[in-house]
Structure formats: C-alpha cells, structure tokens
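Please go over the structures that come below.
In the two assemblies presented below, chain A is common to both, partnered first by chain B and then by chain C.
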Partner chain A sequence: MKKLFIYTLLILAGMSAFVSCSKEEKVSLEKENLDYFAITNKPKEKWNALDSLCDTLYRDYGVKIVYEYTPQMIRPNDFYYPPAYDKALAYTRKVMKTLWLEPLKKNFPDYFKKETPIEFILMGGFYHGHPTNTAIAAGAGFNGQFYRLGMGGINNLDLSNKAAVHDHVVILWHEHAHNQDVKYGRGEIFDRISVGTYYKEAWNTKTEAQAVADGFFRKYGGFAPEEDFATTVEHLTRFPKNDVLTLINSNEKLKRKYNLITKFYLDKGMDLHKLQSVIYDLIYKN
Partner chain B sequence: MKNILKISGFLSLLLLLFASCEKDNITTTVEELVGTEKQMETDLKQVLGKSPNGWVMMVKSTLADTACIPVVMQFDTTKNMVKMKSVYGTTPNNKSTYLINKGVSGILLNFSGGSIVSSLMRMDRSYGDVTDYVFKVLAVSSDAIKIQCLKSGEAYKQEGGQVYTLFKRPDSWKWADDVTLLDMKTAEAKVGLNNVNGILTLNYIPTSKKVNLGFSFRNSFDSNLAAWQAVDPFYNNASANVFDKFYIFFNPVNYSNTGTIQTVYEDTPVARQGYNALCYLPFSGNASSSTSNAKFVKSIKTPYFVINEVIRNGTNVTIKVASYDKTGKEYITGEYKNFN
Partner chain C sequence: MKKYLFSVFIFLICTATLSSCKKFLNEPFDNRLELKNIEDYAGVVKKSYPTRFDLFNEVLTDNFKLVPNLMQDAWKPLYIPIYMFKDDYQHTLGYTSPATAYSHFYNKIYMANLVIDGVLSSQGGTAEKDAVLAEALLVRSYCYFILTNLFGMHYNPATSGTDLAVPLILEVNKENRPSYSRSTVKEVYDQVEADLYKAIEIYEKNPAVVPTNPYRFSLGAAYAFATRLNLYKSDFAKTVLYADKAIGQKGRVLRTLKTDYDVLLKSGWEFFAQQFNDPSAHPNIIMAVQSEYVHHPFGNNWGGFYLAPEVLTQIANNDYRRSIASNAGTVIDNATFIIKNNTGWQTSRYVYFNMEEVLLNRAEGNLRGTAPNPANAVLDLEELRKVRLINYTALNTGAMSNAELLTEVYKERRVEFLTEGLRWYDIKRLGLSVAHKMDQNSSVIDATLLPNDKRSALQIPVNARVGNPVLENQLNPR
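For the complex of A and B:
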C-alpha cells in the first residue's frame, strides 16, 4: 500500500513535470528563415543570360552548372573564387555545352546517362587553402565527389587559343576519371602493376621519357596510383589511337594499364579513342 | 513519521518542478528579429537601386593613412547584377552577380560572382582591407549602407572584418562616369604627355599644404608589354583576374621641383592605368615599382589619383586629379600641366 502510494506520487510528479513544461509553444520561426549555405534559387524574373543558359543545360543534360557562390561553399576550409561573369558565360557556351555535354550525349548516350555528374562548379582561379593570402592557388579542378565535378582557371582560359582549350577539355576528362575511380574503384589489379615504383613527391624531378620507361603515361601519373589512373585516361583522351598503340607496345606496364582502363570505360559505354577524335575534331576542325 | 517525511519530500519535489518550469517564461525576441531582418532585406533591395550613379565603397590600403581607394558599384536590382569601377585597372565589360541572402548572422550581401571585391580579397593588404566577398549588412538608410566583411581574413581568426559605409557616388566624380577621360594605352592620350616634361601641383585639403612635383609620362614598357603583364598581380592570380591585363608606364618624378617645369627627374615610379585613374600600388616583379612606388606613395600620401578632367588646348594639356578620404571627400586635389 505504502509503495503504491509512493509510486502514484512519483508518476504524478513525472506527469506534472511534462505537462507543465509543454505549455511553451509560442516560438515560431518562419521556415525559410535560415539558409546556412547562402545559396538561393533565383526567381525567374531575376535570371541573367547565364542563368537562362544554365537552366537550358540543366533541362537538356541534367547538370546544374554553378557559377556564383560564397568562398566556402564547397568545403569550409577550402576557398574557391567564382569566375568573372562574361568569362563564365562564354565558357559555359563553348566548353560546357559544345565541347563536353553535347558531344557526350550524342556519341555516348549510355555513358552520358549513367556517368555524368549532376553538378559542375566553375572556378575563376584554383583551389586556395587560405582565405586571403596572396599565394596563387593550385589544382586544375576538383573531383572526389562523384556527383560533382569542377574546373578551375576559367578567368585565365583564352577560349580563342585552341591548344589551351584542348588541354582544358582533356584535363576535364582527367578530373572526371577521378570521379569514376571514386565511384567504381580502379581495382587491385591496376594498383599491382606499378606497386612499389611510384615516385611520390619526387614525380616532378623525373623526365617524361623516364616516366614512360617506368610505365607511366605522364610523370605526374607516377605520383600515386589515383593519378596513374587519371593520367592514363587523360593520355587516351589527348592523343590519337595510333600514337597510343605505338606507345603501349613499347612498355609492358603501359600496355596492361591501357588494357584495364579501355575495358573499364568500354564496359560503361565509353570508347576513349572515339572520345579523343570527337574532342579533337570539335576543337581543331571547326 | 517516515511516511510524512516521504510525502513531504515528494510534495517539495513537485513544488520544485512547478517552480522551475515557471521560469520558462522566456520572452523570445526571435519573431521581432525576423521582422527586423525582413525590413532590412526589403530596404536593402530598394536602396541599392536608388543611386543611379552607384554606391561607393572606400577601401583602405596599408600604404596610406587618410586616402582611401574608391570602388564604385552600380546595382541593377532587376537582374541582380553589379558593375564595378575602380582605380586598380580597367574593366570594360565588367559585371557580376550579387545575392541578398539570409544567413545565420542576419542579412548578407554576397558579391557572388567574380568581381573587384573577390579579387581584392586575394591581394595583399596594401591593395585594400577586403577580407571577404560576403558582407554582413549592419544598417541601411536612404543615403548609407553599412556592411562588414563576414570574415576577418585569416583562418581561425574571429568573424567580422572591416566595416564599410557605402555612400552614393558624388556627381563631381567625373572619373567614374562612362566616358574615358584618359587611357594611356591609346595613341591619342599619349599626345602631349609621353616624354613631355610637366609639373604636378597637389593641394592637401585638410592642411591647405601645397606641393609641386616635376612629373612626366614615359611609355617605356610598350615594347615588351606582354612580358610585363605576366607579373601583374591580378592577372597572375586567376582567382583575382577580373581586370584587363594591365597597362603600365613610368611617371618620372622630381621631388625638389621649385614651381616651374624642369627637365631632370629623381625617380621613376610605375603607374598602372586604372579606370580614369593612375594607380601606384607596388607589385613584385618590377624593382622600380617596388622601391620607387613605395617612396612615391609615401611621399604624396596616396596610392592613386583619379582623373576628373583633361583639358587640351593646342599642345597644352591640363589634367585635374584627386584622391579621396574614407567618406569620399576630397583629400588631395591636383593639377598636372605640361606648360608653365
């Protein structure tokens, strides 16, 4: 009986505590009040020419092109700077539409459907590790998140310089190769080819000829397996098929890497040799 | 007895519970804040467009105490675009986007596209004290907008950088109009100036002090301009590359001028062509710019001159220059003449 009395009291006390505290419910915040990332979807009447172009590209290709943002939108301790408007507009028209998305969808529809990132970030410069120092940034673009790709240096890319544009597009495919690597994994067999022979930080002390002799398509590929993978894709995207075949026949390691990567891409619907000639023709034969 | 103790114990516990909950009557100001923010956002949107000649942000260089560097911003509030002009360089097609956001710290003015503001963030502090291109909006009125760099710059330092009070561009600032008054890149501008001896008279408004300088123009970099442009700190750093590739020339100077035109010069600071302006901020890669400019800027107490008028009368050329303080008032006015 005593215990029952005590328990009843306890329950009552507990209930009253909850009931009495639940009365405070008048605080109301409007739902749209906080936007931690400071990204807004602009209403249509505010759209400029680039917004309209980005919208068309989004509808046609499903890629959201991001050209304006805050310094730390991507990652809190990395700093990226938006491109100048005119340059971003010209770049989006020429590189994003004409040299990347249009030929990709037309020539490689399956690959386009499955392997195209959903966000593309345009950067005026490159990656900065410090918010305000004067050091010039590094890194051609960024990747590593398979839904998002980005390219840097748009403020300094001269769209009338065919060689520079060709190099830029090839590097875009290099960055995309990192996406593919992150998404599927290049595999242990690839890593075993050059295991133990990577140059690491010393890559820049090597010559390109030495790198080829050591089984890397570029000396930067000798830096680490992930760059080995991306530079192989880059090489196949940059040089004509015959030149690539001649080169790989000179070195067993190059040949094995070539075989693995062509298959990796072909399985997904991408013929890198065809991609090479499509890009080359678009830039040099138009 | 024990029971009474227990019961009274529980009763006091109950009392405590009620009493403690009573304290919960916190009068929250959240709704009020939201209201203030909404008002500020509306005000900002309206006010930005209400200065057809634009708003001015005065940026402070570590090289000058009183003179501040103007950045003129013209907002197109229908399309959220902003055009900027400044003394650092020329930008004929310059425009960029801006956004008004609500962030955790209130209303934010975000110069979201690449612009002079994001560019200055990557320069050293002699080019200005801008440390972010996102600004917290502190106050808005019809003739002033008070904003603060969201971050102070260095990683792990406190939030909140420089505070700027934007004001409407004064009508007397002819340099900021759309008309080009002097662009030394062009052959026409060089006539009567290049390799011609002249004199620059400066009046320091707060002290009424007058200074005469022997002054000339020399297009010595023309033959090798492309190579020099590679050391342009703005062009050199793609993140900051929002200006045209720079055009530079020497402004030979004689500090001991006695009031008439002379033919000797003591030093050769390097000027870069700004938007109707001459900019003397030093840049690495040119020894003369590093040492002579530092000396010149210190001596004349400003890193720039804007050009408000160019009068050509036959071969006689008069150029009216000025430099402004933090509030946009004339700190220095001056006149260059190539005749006595």
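For the complex of A and C:
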C-alpha cells in the first residue's frame, strides 16, 4: 500500500512538472534592439571596410560608432539622417580615430576610461536639418544622453580644410561638455555667475564683443547656463592658454567661469589647455 | 439570596449603561466645531478664500504656444484638449482645470454661505459680525464672478438675460440631494454686484474692523474688485470711480521691477520666485493668496506651454519684464517662460488684485467712457512704463488718438499680466480671436477661437453633471 502511494505520488509529481512546463511561452526578444535610432546590426559576412574599422575602434576604445540607421523624424521639420558611406569612412578614420579617440587615450588615460561615451552617432546633415536642405546648420551635435555623443554635418565636412576640421573637433568637445554637465551637473555656483543676464532667444542679436563684456565666452553662451558651460569648455579647447588667460583677466565673470570649469575638468583628469594644444598640433602640425 | 444579588447586579448595570450615554450624546459625534461665536465664523471665512484654480485659463489664450517635448507627459491628456478648445479633457487629474475650478469655487461658496447664513445670529459685537458678513459676501461674490466668466459667455447687456452662467446657490443646502439649474449671466452678475456693494457699504461704515491683511479682502481689495467688475460690464464711469477709491486706499504704488531684478542677480531664481508675490515686500499687491502650486502648464520649464512669438515681440529689449523670462530646453526648442511664482512643488503665492491692474483698468475706463479723459489715461500708462523700462522714455502721446492709446493700454495689460490669468477674460470681453498650433514649425493652425466664440463659455464639467442631471439639459451650445 505504501509503495503504491509513493508511485502514485511520483507519477503525479512527474506529470505536473512536465505539463506545467509545456504551457510556458517562448520569451520574445524582438523589442530588445528597439532604439531611438533603430540601429542596424549587420552580420559579419556583410561587413564593409567601415564596419571593420568600427569594430576595431570598438575593441580598441570601447566606443560603438553608428553610421547606419533609419532616418529619424524628430518633429515634422527636424530629421536625423545617416551620412554618405564614403564620407563616413573618411570621417571615422580621420576624426574619430586620429583626432578624438587616439589622442584622448594616449594623453588622458584616466579621463578616457571614465568619461568617454560608449556610442557615437554620425549624422549626414545637422541636427536641425532637412534631407532636402542640408545647408541649414542650427545645431552641430547630439548630446541627448550622457552615454551617447554624436556629430552632424559629416556629409559637408571638408577633411582637407584644416580650419573646418579644427572647428568640428572643438564643437565635438562642446557637445561632450553637455554630456559632462548632464552627468555631473555644472552646479549652482556656476549658474549664479550670470544669473538674470542671459540673452535667451536674443543671443544672436548681440556682438561677440558685447558677449565678452557681459561675461560670456561666446554670444551663443549667452543663450542659457547650459550653453554658457559648453561654450566655456569650447573656448578653452579652441584657443591657446595664453590667449585664454589674457581674456579672462579682462572680465571677472569670465575668470570665475574659467576657474570653475578648469577645476571641474582637472578633477576628472582632463587638462583642457593640454587638450587644446594636442588637437591644434594634430591638425595644423601634421 | 443569590437571586436577590443577581437582580441588584442587573439593576446597577442597567442604570450605569443607560445613564452614562446621556453626556456622551450631548457631544457632537465627531468633535466638529459648532459655529456659535463671531470668532468661529471669522475662522470659517478666513478658510473660505479660494485658490487661483482659474489659472489654467492661460492655456486658452494667445499668450502661449505648445511645445510638447517640453511637457510633463501626465499633463498632456488634460492640457492639450483644453488648448484645442475641446470640452473633453482628462478631468479626473487633480491639476488646475475647469473641473477643479468648478468644484473648488463651489466648496468656497458653501463656506461663505455658511457664514452669511449664521454670522448675524452668533455671539459677538455688531460691527465685528457685520465685517465678517461683508468678508463672506466678498468671497462669494468673487467666486461667482470667476465661475460665470469661466463657464458663461462674457457679460453682454443684450444677451445676458438668456445666456447661461452657473447655478446660483445662496444658502447652505438642507435637503438630501438637491439638483440645481443654471442661472443666467445677468442673474449671476446681479448677485455678484449686490454682494459686493453690500460688503463695501458695511466696510465703509465700520472701517475700524475691516481686515487689512493682504491675504484677505480689505477695503482696497473690494474697490479693486469693483473696478474689474465694472470694466467687464463696460461701465467705465464706475471703473474709474472705484479705481480712484482703490488708489485712495492703497496709494498709487507700483512694483519696481528693477528691485526684483536686483534680487535675482543677488540671490538667484529660487529666492526671486519665492519673494515675487510676497505682499510684505511688494505694496503694489492689493490681495494675494498663498496656496498649493497651481500654475502647472506654464511658468516653469516642464509645463509644455511657452510664450507665443507674438507676445515676445511685444516685450521690448529694454523692458525689465524680459529679464524675468527664462528658457526651457535647447536653443532649438525656442521655449521661453516667465517666472513669477515658485517653480518647485511647494506652496506658491498668487495675486488676486494688484495696483497695476487698477491703474490699467482706470486708463482703459478713461479712454472708453462717454467723456474720455486721455490725459489721465496717459498719466497712468506712463506711471507703469516708468517702472518697467530700462532708460525710460515717454511715449509720443501728443500725436496719438484715443484708439492708439487704447492699443498701448491693451499691450501693457497683455505683457504685465502674463501668467496671471487675466488675458482669457480680456479675450472674451474684447472679442479677440485665438489661433493655436500643435506644431509650431508648421503653418497649419489646428484650432481657432473666433471672436465671441461659443466655446469661450467653457463646458460645465462632467464632475458637476454627475449627480445633478438638470445640468445635462443645460449644457453650453457648441
């Protein structure tokens, strides 16, 4: 009797174990890759030269460079769209590798390790462009999330024009400054320096000289504290140390912003004056 | 013996049980306050001041444009339909809306009615009782004034006898579940006037007991209210009369915006926003309310509604009112908002009446009356401009017609009262049209409110219709 009972129990347990498993539905992973950009993940056998280069950069620097994606409508008149293949290949070689990641890892290893975004989006036109009107440049970069950076205008960037390339790289650091701002916060003390004196939407009606007199490194920095922070970083990345020091000594607000931001970056392992000289040398002395 | 003891025991128990209830039953079951003394009624009337739940009306005006990506998602089902002049919005959300305004103002009317019903038979001095009665009348009058201007067409002597406003409830309900039908705009305006003038009469008779606290109806606040009421009725002689009286009470003292701007430079946005509507630092504020945060859709960087381009062009670069604007989002969003209130989730302060309104009401009254007095209107207009402009220069008013001066007055009203909930009533009374777009970069206009549009009388909210089916047959025509 006891044996019969144990057998019955075992049969019932076995049945319930197997039957209960059969109802489980397969978990669908279809939505896993859905992203703002709907990035295409290509199988390796279909890779082109740029895919191989991106793979190498990913392995060397941990940055996934995205150049293929569905054109994305942000608002009815605002598009993101991918760059032309040839332009993207040349850009990745020259700007991504030679001017951004390589010198960053070599000269600022700590900063590189902690602060480099894990994704970089290449865009054919500008942030605010339209597929049929690529000349409109109301925004250069993409800094919406602190793990992701991006730059626009790649189809129109003439890589043989040193001034244009220098400007582009400086703007890249401007966009990265937004990431740093979002990640760490520029702080109340920075906001207090120019509180109440921002130009807001009237920034474009000011002259650069007026902006400097009002305590902004660039008139666009007068738009709002976010841009004030980014343009300060941009200025330090663009101009040699001596020029910067001369300028900040002419204006108390500029000096306070300079002091706050150089410390903000030095604390994280980045000397912006050194960065300026590295970028400048790479572009103009090679 | 055992039986005897048992009977005695039972007798004692019954005595104790039945007699012990007597005192207990004399007490109110939930310790509620019984209104007996004048102090009790004064306490109720202090609690009966409404919050500015009508402030959502800024969304309906031409002052704001929609920037959906800079809007808290939870607010979209509420404020986007309102912006599109639709009657169906998510009324169950507790944020400032016609639905919340309707129930809130009626709650306050209930409290005012409670005081009006009982205060005269309470214990206390006659003058004090009269003053409390007057204050309650003012609260009720103000609440009905706002309700009729939200849910009825604007006052028009030709049609106000038939235009529907809101139910007029003048007594504390003693029935189980009464239903109320809507009164006409004329009936409600008549009641508003009757309550207001009776209160003013009492206040004028007993000035010693009239409140002077800026968070309550003072005599100056009652006059300021009378100025607005008469302006909305197009009775310009009385508009000027009561404006004179309000100025006589409070003095023609305007906000010196430069002082606020200096506070901003010194202490930053947070403190600036906290002190902006503080009557103790701003004698121009005739009456204010400290209440919960109700300016959800505008006046902050997540509300979704930002200053329309047309209104921005009306604020000159040398105007301090431009200095109290800030930006939301990026330069591409082009989203500007004006900060006048606390922008955190704490309590905030809102203005009922200020001297700027009294002055501009008087200027308009002086220009539109049967015997226009443009010289006085110019004086008032310039008085305001002097404390708003950096490097003030007077207008060349000598060459201006009355109509041109009036345009200047309207321009000042629009800019001065941004985010203060007055523009919607100006749109209604002046018969202006409003065009709203869903996408600001598009040329398509998605909703247009025509002059004297039927939709300017907001629909009676669903929460009011539930349980009062009479209203279902009295909805505003569409």
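Just so we're on the same page, the second predicted complex is superposed on the first by the 230 of 286 C-alpha atoms of A that agree within 3 Å, B and C clash if a C-alpha of one lies under 4 Å from a C-alpha of the other, contacts with A are read in each partner's own complex, and residues count from 1 in each chain.
One rule holds for everything that comes next: contacts are C-beta pairs under 8 Å (C-beta built on N, C-alpha and C of every residue); 3 or more make two chains touch, one makes a residue touch a chain.
Computed from a prediction, not measured in an experiment: that's the story for all the values here.
Peer 1: After the superposition on A, what does A:Asp191 contact: first (chain B), second (chain C), both or neither?
Peer 2: Only chain C; A:Asp191 stays clear of chain B.
Peer 1: Would you check which partner chain A:Thr70 touches, where first means chain B only, second means chain C only, and both and neither mean what they say?
Peer 2: first
Peer 1: State whether A:Gly152 touches chain B only (first), chain C only (second), both chains, or neither.
Peer 2: A:Gly152 contacts chain B only, not chain C.
Peer 1: Of chain B and chain C, which one contacts the greater number of residues in chain A?
Peer 2: B
Peer 1: Going by the contact rule set out at the top, does A:Asn41 touch chain B (first), chain C (second), both, or neither?
Peer 2: neither
Peer 1: Considering only touches as defined above, state whether A:Asn242 meets chain B (first), chain C (second), both or neither.
Peer 2: neither
Peer 1: Of the partners chain B and chain C, which touch A:Phe223 in the superposed model: first, second, both, neither?
Peer 2: The second partner, chain C, only.
Peer 1: Let me test your reading of the model: by the given contact rule, A:Ile6 touches which partner, first (chain B), second (chain C), both or neither?
Peer 2: A:Ile6 contacts chain B only, not chain C.
Peer 1: So which bits of chain A does chain B touch that chain C touches too?
Peer 2: 77, 128
Peer 1: Looking at the complex, which residues from chain A come into contact with chain B?
Peer 2: Checking each residue of chain A against chain B gives 2, 5-6, 9-10, 12-13, 16-17, 20-21, 23-24, 26-30, 32-36, 38, 40, 42, 45-48, 67-71, 77, 81-88, 123-126, 128, 130-132, 134, 136-137, 152-156.
Peer 1: Could you please specify the touching residues of chain C with respect to chain A in the complex?
Peer 2: 69, 261, 264-265, 268-269, 272, 312, 317, 322-323, 325-327, 330-332, 334, 336, 439, 441-442
Peer 1: Mind listing the chain B positions that touch chain A in their complex?
Peer 2: So the residues of chain B touching chain A come out as 3, 6-7, 10, 13-14, 17-18, 21, 24-26, 28, 30-31, 34, 37, 78-81, 93-97, 99, 101-104, 108, 110, 112-115, 118, 121-124, 131-134, 151, 153-155, 233, 235-242.
Peer 1: Can you name the residues of chain A that touch chain C in the complex?
Peer 2: Those in contact with chain C are residues 75-78, 127-128, 138-139, 188, 191-192, 195-198, 200-203, 205, 220, 223-224, 226-227.
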